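Paired with chain B in one complex and with chain C in the other, chain A is shared by the two complexes that follow.
Then we have the complex of A and B:
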């Protein structure tokens, strides 16, 4: 976007209104900061298994933010999110993998470089899909993007030197930041609580979520976000206003897949193994694409904070149910015809999609806005 | 050469089944502009009813029950959910069908558990020898059944009042309503027909000949190939759905033989991508125009 300047010699340009920093703005900021502090403190209180569940919600949060920019803000339906997750996971594992293995390709890069590289690789893959995306819209694009999931399934199975194959998979290098390991190595204590792998990864994921969140909010509020919404609402009108529609579409695909790539890196760090799926139903299958879609529909299409809530629900529910069920004896069956936590969660988010579309198309974000509107007396809630 | 003939027959047999599914998609899309992501779950539901009722009713009775119940489920989805949200855009309604699909599919997969029943009793695993070429009976029956059903559909679509109403509504909803076409009849009958076709299709899909796998989550994945079939032909073209179905069937059969089984699934989607890049509305689809 930097190739076009805003310094046209038109004196009539209205001064942009100052951002409204009223009481509500400060309250919201305070709430976000309070949430952040709570999330910072949680590892000191929660047990490792609950932290693990929380980490999985954060994985979903990053992926869902990327998808809500693409589908909600720019109006491009994508079922390919799982493919970009797989691409990110594989890129990280390959880039950080040890060199010299006769069976597996590895570049032995520093994990931080590998993470950045993985995000870059998936962004480029998203760009590569742009020629298709630019020619299609709406449902056609959604179905076309489904092709990538099938392609990912095939490549994941056949490119064994990269992915390790479906039978054994391949372990990723554990993350390191300038020599500080995100593993159980080394002694570290805060307030008498040992900070081990789970706690460290929690903080890593939290940092990634915050960065991803701030970037997404910035993009949505800025010029690029307006371009996305213009393309979503009417491509012809957007083009008439000087927006390069193919360029914007390609850009948003790249951004969204970069987010998915980061979520993929987080996924592989969370599972601690890269294992390509054997069928369309798996870690990087159609069900995952649909789960991410569910997150952003429940949260409200286009809403970045809604995507966070959606991710907590959709990715958190199976984890939390699984943890509770061992305590309470619910859904503990594992055999035939059992109601597993994953199954129950699928029912819940399937039903949530239906209810949201029927009764509140704006999702939880719209409900939140309405509640916020109630407290603002005398002002237009929109 | 014999292998090739056999492959083509297999491909056409599979293609006939995909054509039935794709035709269902297209009918729903023409009537409502909604893309039905729940099509795979209709397929599973019909198949599951066959499995449940087969013991008591015998296969033929169960097959009828399965086909009818798939149609009924589609009708219910339309009447209970989609028709309630007339103001929602087709885009959100498509998302709604994803939710429906998740619920139905997960429940049926849970009920099936580890049993993966084959349900094409009347034709499954009874190969025929036709002049040195072994052919699967399932594929031959599928071709015949699909030809009959598709011909019936096109006759009805062309000549019956229902077909005229349907085409009128697809052309211009308001004008059709003003001319006395009852919109809800057209819409719900479209869903019913699509469901019935899905119910017929599953009788061929969950067989040893077609997929080598019984009724399971895999059946749902196979039914997904009806998407590329409908898209290749053009989402709003009934004839295109048939052509698209045959293309998908042939691509599937040929790439399974000449490349690999794992590649066949993606091959179908790759062909779709190529078609879309060359013709964004499919081979026979109406080109979208926008008014500024």
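Then we have the complex of A and C:
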């Protein structure tokens, strides 16, 4: 033990406060840019149904990033993510909904304003949960937060003037950015490919994912991210360094809910209808909360890019399977015992969680770091 | 930097019928290394917790400079210029050494989720400035080569130094060290003594050292306060305290293995 201490004492020329921009850093940057370019180009090549599947992965990506900040970075287990999704979806639909409808509440706001408003409303709802979050931790917090999903289920069904009710639901206003419609209206072509609703929404979602990703990465690397990790790892040490532990917990709940709220807005734009669930399993049910947990566990708790990959797997698999099934003639059975794409992908990501927990608790992010470590010349710790 | 005196005045702390602290008074003079020692259960940790705001004293006051810090909320200490290191180090094991030490800059910096997330120019500048300072502090404590190593991968002695570096990153006028030698072997303790001596010589801050290990304390402290059963039984320079018959009785009479035990 003491000789290891000695090696650390050896002064090294000019310790760099920032990790040097070595080969690995440039490779990573190049890979991110390449991925971004590919994502920009995809709508020119892919059919609408594949773009739809990709959009659903992006919905998951935004939600999963929010949850990994809360659960991975700040150590607050939450099963309420589906509730905040519903809150965001409802807020957007209500805020942008037409005014003057006798049965449905609507504020007729500009869709961009409604999107920002929906994110703000869910952030406030997350903040409202803070007193509970400050008093509970671990699995107890998880169970308490689960109650919100049931609250959402009840409210979604009973507040029909907001949600439209379970039978008919309620269509959201299609998104518009300074008068540019994200629908089939108007003519737009790139390289001879008509850019219609699906392509437009793809670019909208891509932009939202990029913004959400950059914000999350910046926060994780900065002062607030350090505060989150300190609260996760040792509350008294966090307090001794000047952090208000309840304040930071409340803040990260608000941030995570805002992400979920945005994912909710994207969900409702993706389905093109706001339809509250009839049971606790559905678009905003327990299964969704658990799917989001699965994403961040598979991706690696606390890793923002891991959350992206987790979302691609968990949200993408059922979509892709469903698309292939029509080609291959799988999953033709119907009824309760049929092998649906959703069922199969549940098995797959269930198995993925078991594998991650058994063999690589750091998730895909840890595997990625190890691969990245190979490109770096090592004075890394063993 | 120095100038503020920590004064513990007549502090009494009761747990039910037990008097954990009984009218304890002592003062840490600016720029001095003050040790608070005593056998197991003497009330050292209780006293430490009263100073750092974890326990509220039943009677008496704790003063730091002109501020009354009795029952201060623990997260206000850093702002008042008090840095604290922990007995169990309490680091984030997956985070790098630099990241852990940067946590100490929390109350000296600003910016929430949006500011950090947007990487505003002033945030980046602030981050760069404070990172440089944190790296400097790490360098000072011999951690320069380990800046980007996860804290969990370091040997125990280095982990302790990271904890002290984090407390120093607060830019404290007073450094509180809670049993830093706990669980260390003789070589590590000697190394720690050097580190503490260096901090005191180079940084001109006051240090309050709560410690079990007599050897460590007697070698480096300017002044020693000895607690036994919640009362101050001696207060003075180490040489004087060491030969005090009551101190010898407290130490040898209750726990003879004290201070020679290697963790």
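The criterion applied here is as follows: the second predicted complex is superposed on the first by the 359 of 382 C-alpha atoms of A that agree within 3 Å, B and C clash if a C-alpha of one lies under 4 Å from a C-alpha of the other, contacts with A are read in each partner's own complex, and residues count from 1 in each chain.
In this section, a contact is a pair of C-beta atoms (placed from the backbone, for glycine too) under 8 Å apart; a residue touches a chain by one contact, two chains touch by 3 or more.
What you see is a predicted model; the values in this text were computed from it and never measured.
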Discussion item. With both complexes superposed on chain A, which partner does A:98 reach: first (chain B), second (chain C), both or neither?
Written reply: neither
Item to complete: Using the touch definition from the top, say if A:255 reaches chain B (first), chain C (second), both or neither.
Response: second
Practice prompt. Check the residue A:244 against both partner chains and state whether it touches chain B (first), chain C (second), both, or neither.
Written response: second
Practice prompt. Would you sort A:147 into first (chain B), second (chain C), both or neither based on which partner it touches?
Written response: first
Worksheet item: Looking at the overlay, what does A:224 touch: chain B (first), chain C (second), both, or neither?
Response: second
Item to complete: Check whether A:216 is in contact with chain B, with chain C, with both or with neither, and answer first, second, both or neither.
Response: second
Worksheet item: Given the touch rule stated above, what does A:236 touch, chain B (first), chain C (second), both, or neither?
Response: both
Fill in: Set of chain A residues, in rising order, touched by both chain B and chain C
234, 236-237, 240
Discussion item. For the complex, give me every residue of chain C touching chain A.
Written reply: 52, 54, 73-79, 83-84, 86, 90-95, 98-99, 102-107, 109-119, 123, 127-128, 131-132, 134-135, 138-139, 142-150, 153-158, 166-167, 170, 187-188, 191
Discussion item. Taking the touch rule as given, give the residues of chain A at its contact with chain B in the complex, in rising order.
Written reply: 77, 131-132, 135-140, 142-144, 146-147, 150-151, 153-154, 157-158, 234-237, 240, 279-281, 286, 290, 293-294, 297, 336-339, 343, 346-347, 349-354, 357-358, 361
Worksheet item: Taking the complex as given, what residues does chain B use to touch chain A?
Response: 35, 81, 84-85, 88, 90-96, 98-103, 106-107, 110-111, 113-114, 217-218, 221, 224, 227-228, 231, 235, 262-263, 265-266, 268-270, 272-273, 276-277, 280-281, 288, 290, 292
Response to the item:
Per the touch rule above, chain A residues touching chain C in the complex are 1-2, 4-5, 7-12, 15-19, 214-219, 221-227, 229-230, 232-234, 236-245, 251, 255, 379-382
